Amino acid sequence: MSAILEVKKLRKAFGGVVAVDDNTFAVERGTRLGIIGPNGAGKTTTFNMIAGFYKPTSGTIEFEGRRISGLKPHRISQLGIGRTFQNVRAFRELTVYDHVMAGALAHELHYRPTAKQVEEVEHILQWSRLAEHRDTTVKNLTLAAQRQIELATALATRPKVLLLDELMAGLTFVEIDQMLDLLRLINQEMGITLIVVEHVMKAIMALCQRIIVLSYGKIIAEGSPQEISTNQTVIEAYLGKETAYA
Amino acid sequence: MLLQQILNGIIVGATYSLIALGLNLIWSITDIADFSQGGTYVFAAYAAYFVVTLVKLPFIVALLLAMVLGAVLSYLFERVLYRRWTGLSRIQLLCAIALFFLMANLAILFWTAKAKIFPAYLKGSVKFAGVTLSYQRIVVLAVAAILFVVVYFFIQNTKMGKAIRAASQDREAAAVVGINIHTVNSVVFMIGGILSATAAVLISPLYSVFPNMGDLPLLKSLVVVILGGFGSVAGVLVGGMGLGLVESLGGVYISSAYQHGFAFIVLILVLLFFPKGLFGKV
Amino acid sequence: MRNTKRSPLVTIIILIVVLVVLAVLPQLTSEYITYVAVLAMLYAVLTGSYDILTGYTGPLTFCHGAFYGIGAYTSALLTLKAGLPFWAAFPLSGVMVFVFAVIIGYPGLRLKGHYFAVTSFFFAHFMYLVILNSIGLTNGPMGLGGIKPPEGFLGINFAGLKASYYLIFIYGIIVITGLWLFIRSGIGKLLVTIRENEELSEAIGVNTAFYKVLAFSVGAGVAGLTGSLFAHFFRLLHPTTFAWMTSEMVVIMSLVGGLGTLIGPIIGAGIVTLILELMRFAPELRLITWSVALIAVLLIEPKGLMGLIRRLQPGGRK
C-alpha cells in the first residue's frame, strides 16, 4: 500500500449546498490520476480542500500518512503538494526567471539563490520551453505562457504531488500535446504524482492511468480510461439520461 | 443624569448611523471606503449655515439645499474620479482620503478655522424624568428615523433598490443580467452624499460649524460600518446609536479625554475576538 | 518580447547626486537649509521604511507617522525620565515600536480588503490621543522639551548642528542600505510575491501572514529609530507633529516618488520636504497643495516619479 494521498469521507458544504459529498479515494505514489465530471461536480472544491484553501466540513485528508486537512496552504505546499489554479494566477510584475525562482526560494530560503537552485530553475525553464523568455516580465506574455509559468513555479517548489486544475483549457491541439509531453516527463523522470482535473477528454484519456468521475459532489465511477469511457453511469451524468444509448 | 447621557449619546449616534448607512451602501457596491463623505459633511454644514445666516431662508430649506449639495458632490466625485479607476480599489481609497483632507482644508482656507455658531431654528425643550431634551435634538432623531425608513423602503421595494441589492451581492452577475452598474454607482453615491449632508446639518445647531467637524464623525461611522453594517440596514442603525451610547457613557464614567478613542477601542476588541466582524462578513 | 525593468543607471546617477549634495550641504549653506535637509533625510528614511510593507509587500497602511511619534516620545522619555543614555534609548525605541507593530499587525493584517488600512487610520488617531492626554508623561499639548542631544564620543559634540547633521546622514546611509539589502534578499523576493498575488504566494509555500507582519514590523521599527533621532535632534516634541498629517505625508511622499522602488519614496520625501518648506508662509495652502498633488499623481501616474521615468525610457511602455 503506497498511497501517497488518502482522502476519507471528505465533505464540503457551503450553507445548505453540499459541494463534495463524503468522498473516499486514494492516490498511489508516482501515478497519474484524473478527476472529471460536469461543471459544479465538486472537482475544484476537492482540490481546494487538499491544498488547504478550504477547510473540509468533515472527513480527513492524509498525505504520506500524516493528516493535512485543516492546515494552511503554505504548510501543505511545504509538505510537498503543489497546485495550479483554474483561473491563471501569476506574479505579473516579475520576470519569468524571478517568478520560477520564487517557488524555489519559498521552499529553501537563502539570501541569494544557491548554485543548485539556479541549476534547477534553469532546467525547469528548459523543459517548460520558457528559457527564451526568462527576462521578460510575466504580464507581457500570453495566457498560455502564463499557465506554463504557473506550472514551472509549482515545479520549483519540489512537489511530490501536483494538483493541476484545467491546465489544458483554451490550448490549441499542438499546445495540448506539448503540455502532455511535459506532464509525462514530470511524472516519469521526476517521480511526481499527478492529480489532474480536466474537461479536455482527449488529454485526460491520454495521460491518466486512473480516472475518478464526480457528479453533484459524489464519486460515481472509478477506473481506467477504457472502463470510464464505456461506463453507463458516466455517460448519463454527462449527457443526461434520455440520450444515454450505448 | 444617566438618562440624559443615554439620550444624548443615542442622538449623536443617530448621525453616525446616517453617515454609516451611506458608507455601507457605497462600500458594499464599490469596495471603496468613501472618506470623501467626511468632506461632503463639512461643506454641507457650511452651505446650510450660509443659507440660514446670509440668505436668511428657513432651516428646512437650508437642509434640503444641503442635501442637494451632498448629492451633487458625491455624484461628481464618483463620475469624474472614482470611475476612472474601476477595479483599482487602492487608488480609489487614496483618492477618497485625499478628497477628505482637501475639503477640510479648503474649508479652513475659505472660512477660517474659527467655529461658527449655527443659529437655533427651534427654541424650547421638553422636560421629563429629570431629562431636558431640546426640540432640535428630537428633530435629529425624527429626521434620522424618517430617512432610514425611506432608504430601507427604497432598497426593498423599488426597481433601483433591487438593482442595488443585486449589485452588492455580486457585481459581475448584476452586470450580466443587464443592470447598469454605472447608474447604480451614481445612485448609491448620491444617497451617501444626501445622508452625510443631512447628518451634518442636523448636528450643526447643536455643536457649531468648523472645518474639521467631519473628521471624527467619519471615522466613527467607518467603525460602525466595519463592525456591523454589511448588508444590514438595521445593523447600521443599531451600531451607530450603540456607539454613540458607548461614547457618551464612557465619556462621563470612564474618561472624557478618551471619549473619542472609544470607537477605536471597541473596533480593536471586536476585531480581536471576531476577526470576521460581528456579522461574519469582513 | 519586452523587458520593462528600469535602467539601473538612472538610479545610480540619482543616488550619487543626492549623496554628494547632502555630504557638502552643511558646509556650503545656511543653518536654516541644514535643518530642512535633516528633516528631509529623516522623512526619506521614514518613507523608505514605509515602502517595505506598502510598496513591496502590498497592504496599504496609514499609521506610519504614529510609529514615528511613538519612537520619538519613547526615546525622549527613556532619556528624560528613566535616565538612560541616548545610545541605549535609541535602539530600545526601535525594538519597542517593532514589538508594538507585531502586536497590532498580527491580528490586523489578517483582515481582508481595506479593513486594515482603515483600522490603521484609527490607530494613528488613537495614538495621537494617547500622547495628547497622557499629560503626566508627555506634557500633552504643552510639548515635551529639554531633550538632550546624543552623548558625544571621540571629542564629537552632538549638540552642534553639523555633528548632528552628519550623524543623521550616516544613519540614513546605513539604514537605507540595510533596507535595500533586505529587499534584494530572498525574503524581499518573497514579499513581492505577496503583493503580486497573495493566493499564489500561499500556494507556493510562502507564509503570507508571517511575512506581512514581518514587513510591517521591520518598517515600524525603523520608523521608531528614526523618531528617536528626530526627538534628540529637534529636542522638542509636540503631539500634533505626529498626528494624521504625518502619516498622510509619508503616503504622499511614497506615491509621488513611486511605491515599491525604495529610491522613489526617498526622492519623493526630498522633493516634498523641500516644497513644504518653500511654502512655509502659507500653511493652509500647503495642505491643500498636497491633497491636490496626491490626486494629480493618481490621475497622471500612480506609479509616481519612478513610474514616469520608466515610461519615458527608450523602449519603455506602460
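List of remarks:
The chains carry the letters A, B and C, assigned in the order they are written, with residues numbered from 1 in each.
Rule of thumb we're sticking to: a residue touches a chain if its C-beta (ideal position, glycine included) is under 8 Å from a C-beta of that chain, and two chains touch if they have at least 3 such contacts.
Being a predicted model, the structure only gives us computed values, none of them experimental.
Common partners of subunit A and subunit B, by the touch rule above, are C. Compared with subunit C, the chain whose C-alpha mean position is the greatest distance off is A.
When chain centres are taken as C-alpha averages, the shortest distance to the whole-protein C-alpha average belongs to C. If you average the CA atoms of subunit A and of subunit B, the two centres end up 48 Å from each other. Separation between the centroids of subunit A and subunit C, computed from CA atoms only, is 43 Å. Our note on geometry: subunit B versus subunit C, Cα centroid distance of 33 Å, whole angstroms. Residue positions of subunit B touching 2 or more other chains: none. Interface residues of subunit B facing subunit C in the complex, by the touch rule stated above, are 31, 33, 81, 84-85, 88-91, 93-95, 97-99, 101-102, 105-106, 108-109, 219, 222-223, 226, 257-258, 260-261, 263-265, 267-268, 271-272, 275, 282. Against subunit A, in their complex, subunit C makes its touches with residues 1-5, 185-187, 189-190, 192-193, 196-197, 199-208. Touching subunit B in their complex are the following residues of subunit C: 60, 62, 107-108, 110-115, 117-119, 121-123, 125-126, 129-130, 133, 248, 251, 255, 284-285, 287-288, 290-292, 294-295, 298-299, 302. Residue ranges on subunit A touching subunit C, taken from their complex, read 51, 53, 72-74, 77-78, 82-83, 85, 89-95, 98, 101-103, 105-107, 109-113, 133, 135-137, 140-141, 150, 153-154, 156-157.
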